Every structure is written in structure tokens, then in C-alpha cells.
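Just so it is clear, A, B and C label the chains in written order, and each chain counts residues from 1 on its own.
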Amino acid sequence: MNVVLDVRGLRYELQGRALVDDVSFAVGAGETLVLLGRSGAGKTTTLRLINRLITPSAGDVRIAGDDLATQDDSRLRRRIGYVIQEIGLFPHFTVAENVGLVPRLERWSSTRAEQRIRELLALVGLDPVTFGPRYPHQLSGGQRQRVGVARALANDPPLLLLDEPFGALDPVTRLELQREFRALVARLRKTLVFVTHDAREALLLGTHIGLLESGRLAFLGTTNEFRASPLPQVRQFMDSAA
Amino acid sequence: MAATLKRLVPVLLAAATLTCSRGPRLVIGSKNFTESDLLAEIVAQQIERRTGIPVERRLHLGGTFVCHEAITTGAIDLYVEYTGTAFTAILKQPPIADPDSVLRFVKAAYERQFQLRWTAPLGFNNTFAILVRHADATKYGLQTITDLARVAPHWKAGFGYEFLERADGFAGLAARYGLRFSQPPTAMDLGLTSRALADGKVDVIAGNSTDGQIAALGLAQLADDRGYFPPYQAAPVIRSAVLEQYPKVAAALAELGGKISDSEMRRLNALADVEHRDIADIAREWLTNRLQ
Amino acid sequence: MTLLEFYRRHFDELLLLLRQHIGLVAISTAVAVLLGLPLGVLVARRPAWQKPILGMTNVVQTVPSLALFGLLIPVFGIGAWTAITALVLYALLPIVRNTYAGITGVDPAVREAGRGMGMTDGELLRLVELPLAAGVILAGVRVAVVVSVGVATIAAAIGAGGLGVYIFRGVATVDDTLILAGALPAALLALLADGLLALAERRLVWRPR
């Protein structure tokens, strides 16, 4: 297995409390690790430790073998896709400008960037001609989420981090996007760490599941192993997915 | 609570009636420079000790025109004015040199036009002093205003707003002496001119000949060799109606006549401007020592 | 003499004073923006600085303008540069405060997404925060300019020229026409400046259409 993301002994303390405590996992190429857990379990914190939006108190993170602590944070993050629940599209940028953000930061030629933007918008199911010049406030929630995904993929990152990206959508749109997303990820062969509190989403999208409870991993294994696990915390989540 | 309030009411009523009392009272004003404040305070204290009439001070009101407006409308009853100023600025007469003629004219005109009475001059002449830095006076051999005309094209002048506006002010002076400065004079608050001169921001200003700071700031006065400025004798000017109402005031004011010389006024100004002593204290001390 | 006659007779002088007045306001506003914008960004980035910096600019604003001129004179002497210093100090508060408010008012999700995508602090400031805060910042500049036009009339008391010269001359001589000759253009100048900046705001600031 080709390890894309290797996390060892990750720990994050805030005001004496450990929000993440001794978390270790490895994600191989093409795998999707879902970090599952209740609110406050430390899922988002773990995610933000991976792209160093916050600094770990202990432990290390390696992406494709490089120790992140030795790299410049901003440059590093351009090689990692990041999608958050509120999406955070720049309201004063068009859809095309939003998707083209990282190519712009990386100083791509305008032809290369334009082509990539067109490609990505088509990939997420948005017609580039219609949607390219639009502004985020002119889009629906589902459309905005698609743009967010396209934006994260712009620089063709080996790793994508997603924090409850479909959480703010209505159930019908959410299901539609989940399905499309799964197909997209399989097609592009991307490696993902995906945070959610929804067990059904975890089962649908994940190849592996890590169950976080009070900052520690209560379970780490494949999705099938999760389904069959006798652990009470796992059973609780499985029941909620039924 | 109610009991306390009940006890307060008569106290409040008494206080109200006291402040609204319509007993004898005089209001004295002054112009916006130290000497005027000092003289107003001396006159005020003199009236209070000789007649027992309470005097309200409204010091540092503004310039000549502001005080004239105030006394003619009755906002104040008295202020100390200078004969030359009344002659040229208020009565708009072309300046003449004889002090007695000026005083006579002014007295008559003020009585007739404004119902204001000029009482005895205090004894000194405060004329405009064209001031330069001592070092410059020595360096360029400046003793008179005619000498100034020589260096004016290379110099900057700074004046207070009143001097710039008055008929006996800058315009007339420049015309009489042929003064042409490198640029139009800088206008500023009168009180700032001596500092501006001392700091080198301007090279010549128009101060008062009885200024307390002249020696202290290292300044030199240039002589008015062409006799441009009229005499400026200081005297209390009071509303005729008020004098008739309080005849005792006339005697009090008469006692001050001729009691302050040029050098005495300069000394008193210095006590205020250089030593920063309280004006009321200076006035009290002077009255006690000088008049008994 | 009516106001119009006065202006006709003293047209050159009016232009000179107008030029001086505009100069005082323009220079001081420019300096205030150069100082205030970075200060506002600093305060937005480091909350620890919020109290001292905003507190200080607040205190300066509460000092009456004539008093502030008076305090600066022993240090800087009389003249235009002292006036400009005082005007800069007065203009700082609206500019710093509005820059701070504008930047912290940016949607935190936008900032999180920007950082997460790999924008440096500088890129975030340049591409996201300042453009989104521009409206609020410009509103602060507008306030600063209008206040400056008013306070600059006092500059005449300390020999800095400007339209206040007419006002002080009018006060000294109890001449209403003179006072108005200075006060009216000053008021019109303030309105004009406010209007121009409002126009600029509409043109330059992004707004969802």
C-alpha cells in the first residue's frame, strides 16, 4: 500500500485539556478515511492538525513521506484540498475566480488555469459557460458546495480534507451530492480524510472509519470491520444508521 | 426621604432668591491680552473696596471690536480702552500725534455717539511695538521702523488678526514706511506672535510697548520714527447711565488717574506673563501698596 | 458689503485660503490613511493590541481641537505642520476603527477557507480582507475628511492659514460677512468631499448586485 498520509501520536492541548489524545492512523492512496464521532469528539481538530491550521502539541504528520513540521505552512496547504461545511467561497470572486484561486496563487498561466477551471466545473456537474461568471450569492446551496469541491481539486492535490461538507444541505440534495462525490473520488483516485457525525454518510463514502471519542480513537478499521464490530460505541452509531 | 426633601425646599428657595438678587452690580470686561485683564482686575477690585458694589468680571472677551460691541449693547458696563485705538479703529479718524487732542476728541465723540464716559487716563502710553529679535537688531543695525523697510523683502511678518484688520494697523503702517515683505503676513492668534518671533518662525511682529515678555524673550523694539502710531493712553470707559446710577464709582475711578507709569505697567505685565503669578493677586498687591 | 461683493473683491485671496485649506486636509488625510490602515490591520490581527491602540486614538479624539493645537505648539511651534499633525491625530480614530471593524467583519468561513487553501497572511489581506472591508474603511475615511475640514478652520489660529483666517478676522472685528466668508466655503467643502467619497465608494467597492 502506498501511504499518502501518516499520522503518529497526534496530540493537541488547549488550556490543560487534551482535545486530541494520541491519535495515529495511516491512509493509503485511493482510500477514504472517515473520522466519525459525536460533536466535540475532536474530529475537526484532528483535521486541522493535518493541514497545520493549528499546531500539534505532540506527534507528527507526514504526507507522502515529508514531515510537515519542516515545511512552510502555506505552501503545504496548496498541495492539500480543503473543504469546510460553510464552504467559504469568496463573495467578491466569480465562480471561475473562486475555483482558480490556488492556480492563481501558484502563478499558473491564464490558459492553463482557464482550461483547468472549465474541466473542474464540468466534473462537478456545473456548466462552465453558465456558472463561470456567476457570483456565489447567485447559487443554491448545492451548487455552492460543488464549487467548493471543484476549488479544492484545482491544484490536483494528492490529499483532500473535508469537514462535514454536505452538512448544511437538505437531505435530498445531500444524498445526490454524496453519490456524485463518491463516483468522482473513485474516478480521480483521490485520497481523503472526511469528517462527519453521520453514520450513514460514513458507511456510504468511507473505505475506512476512525471513531473518535473524547479525542481518542475508539475504533480504527475498514468499513466492513466497523459494520461487524461488537464495540458498544460502534453499535450506537450503527443503530443510528439503520 | 420625604422629610429630607421637605427640609431642602426652603434652602433651595433661599439660594434661588440670593442668586437672583437685583442689588447693585457692575460688569467689567477686558480684551484678550494680559494687560487688559490686569487693568480690569485692578479697576474691579478698586471699585469693590471703595464702594462695596460687587463686580462681575468677564475677562478676555475678545478684541477691541468685541469689547466695544459688548459695552454699547450693555453686556458689560466698563472696560479699559486706549485713546488711539478708539480714535482710529472705532471712530475711524486718520491718526494724529497730540495726546490731549486725541483724548478730547474721543471723550466728546463717545459721550455723544455711544453715551459712554471716558474717565481719567491711568498714566501710561501703550503703543504698538514693532518687535524683532535682539540678535537681528544688532546684526542688521535696526533701530527704527525705517531701518526695517531695508530688510523687509527678505523677512516674514506675523500679526494678530486685529492688527491686520485695523485702519491704524498693518495696512497703514506698510504704506507709511514702504514695507514690503517676502510674502503676505502670517495671521495667527495674537498671543502666539511673541513665541513665533522667538522661535524664528517669523521675523517681525506687532506687540505692545508695555509687554512683559520683551526683555525676557530677547526682543528689541523699533522706534516709530515717522510717528505713524497715534498716542494710546489707557483709561477706563464706563456707560454714562451706570456712572449716574452709582456716583461713588466716579470717585473710585478718579483715584486711579495717573497712577501707573509705562515702566510700572511693564513690571506688572512681567509678573503675570514671565513669572506666571495670579492676576487677582498682582492687582490686590498693587492696590494695597500703591493706594492704601 | 454683501458676501458676493466680498468674494469678487478678494477672489485671489479666497482661492489662496481655499488652496491652503484643501492642502491641510489632503495631506493630513493621506498621512492618516498611511498610518491608520496598517494600525487597523495590526489591531485586527492581534487582539491584544486592540485596547491600547483603539484606546489611544479614542483619547486623542476626546481632546478638544483647540486644546490639541495648544498642546502641540511647544513641541512643533506654530504653522501648517503643527496643524497637519493635529489633523492626522484626529483622523486616526475613524480610520483605524473602521479598518479594524471591516477586517474582523469578514466572514470567518471565508478566512478559514482562504487559509486552508494555502493563502499567506499577506495574500489573504490583499485578495480577500481588504477588498471585502473596503466599504467600511472608505466610510471611515469619509468621516475623517469631513471632520478634518471642520477642525482645519482652527488652524488659522496658529498661523496655518486656510478658510479659518476669514472666520477669525470676522470674529476679531465683529464682522458677520467675514465670518460667513470663511464658514460657508468650509461647509460646502465638507459636503463636496463627502459627496465625492460617496461616489468613489459606489464605484470602487464590491457589492452583490
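Operating definition for what follows: a contact is a pair of C-beta atoms (placed from the backbone, for glycine too) under 8 Å apart; a residue touches a chain by one contact, two chains touch by 3 or more.
From a predicted model like this one, the values you see are computed outputs, not experimental measurements.
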| item | value |
| --- | --- |
| Chain whose Cα mean lies nearest the overall Cα mean | C |
| Label of the chain whose CA centroid is most distant from the centroid of subunit B | A |
| Rounded Å distance between subunit B and subunit C, as computed from the means of their C-alpha atoms | 39 |
| Length of the line joining the C-alpha centres of subunit A and subunit C, rounded to whole Å | 46 |
| Between subunit A and subunit B, centroid-to-centroid distance (C-alpha), Å | 83 |
| Subunit A-facing residues of subunit C, complex | 107, 109-120, 123, 127-128, 131-132, 206, 208-209 |
| Of subunit B, residues touching subunit C in the complex | 62-63, 65-66, 68-69, 158, 160-162, 164-165, 186-189, 192, 195-196, 199, 201-202 |
| Footprint of subunit B on subunit C - complex, ascending | 73, 77-79, 156-159, 161, 165, 168-169, 171-175 |
| Contacting residues of subunit A [partner subunit C, same complex] | 51, 53, 74-80, 82, 84, 86-92, 101-102, 105, 135, 137, 148, 151-152, 161 |
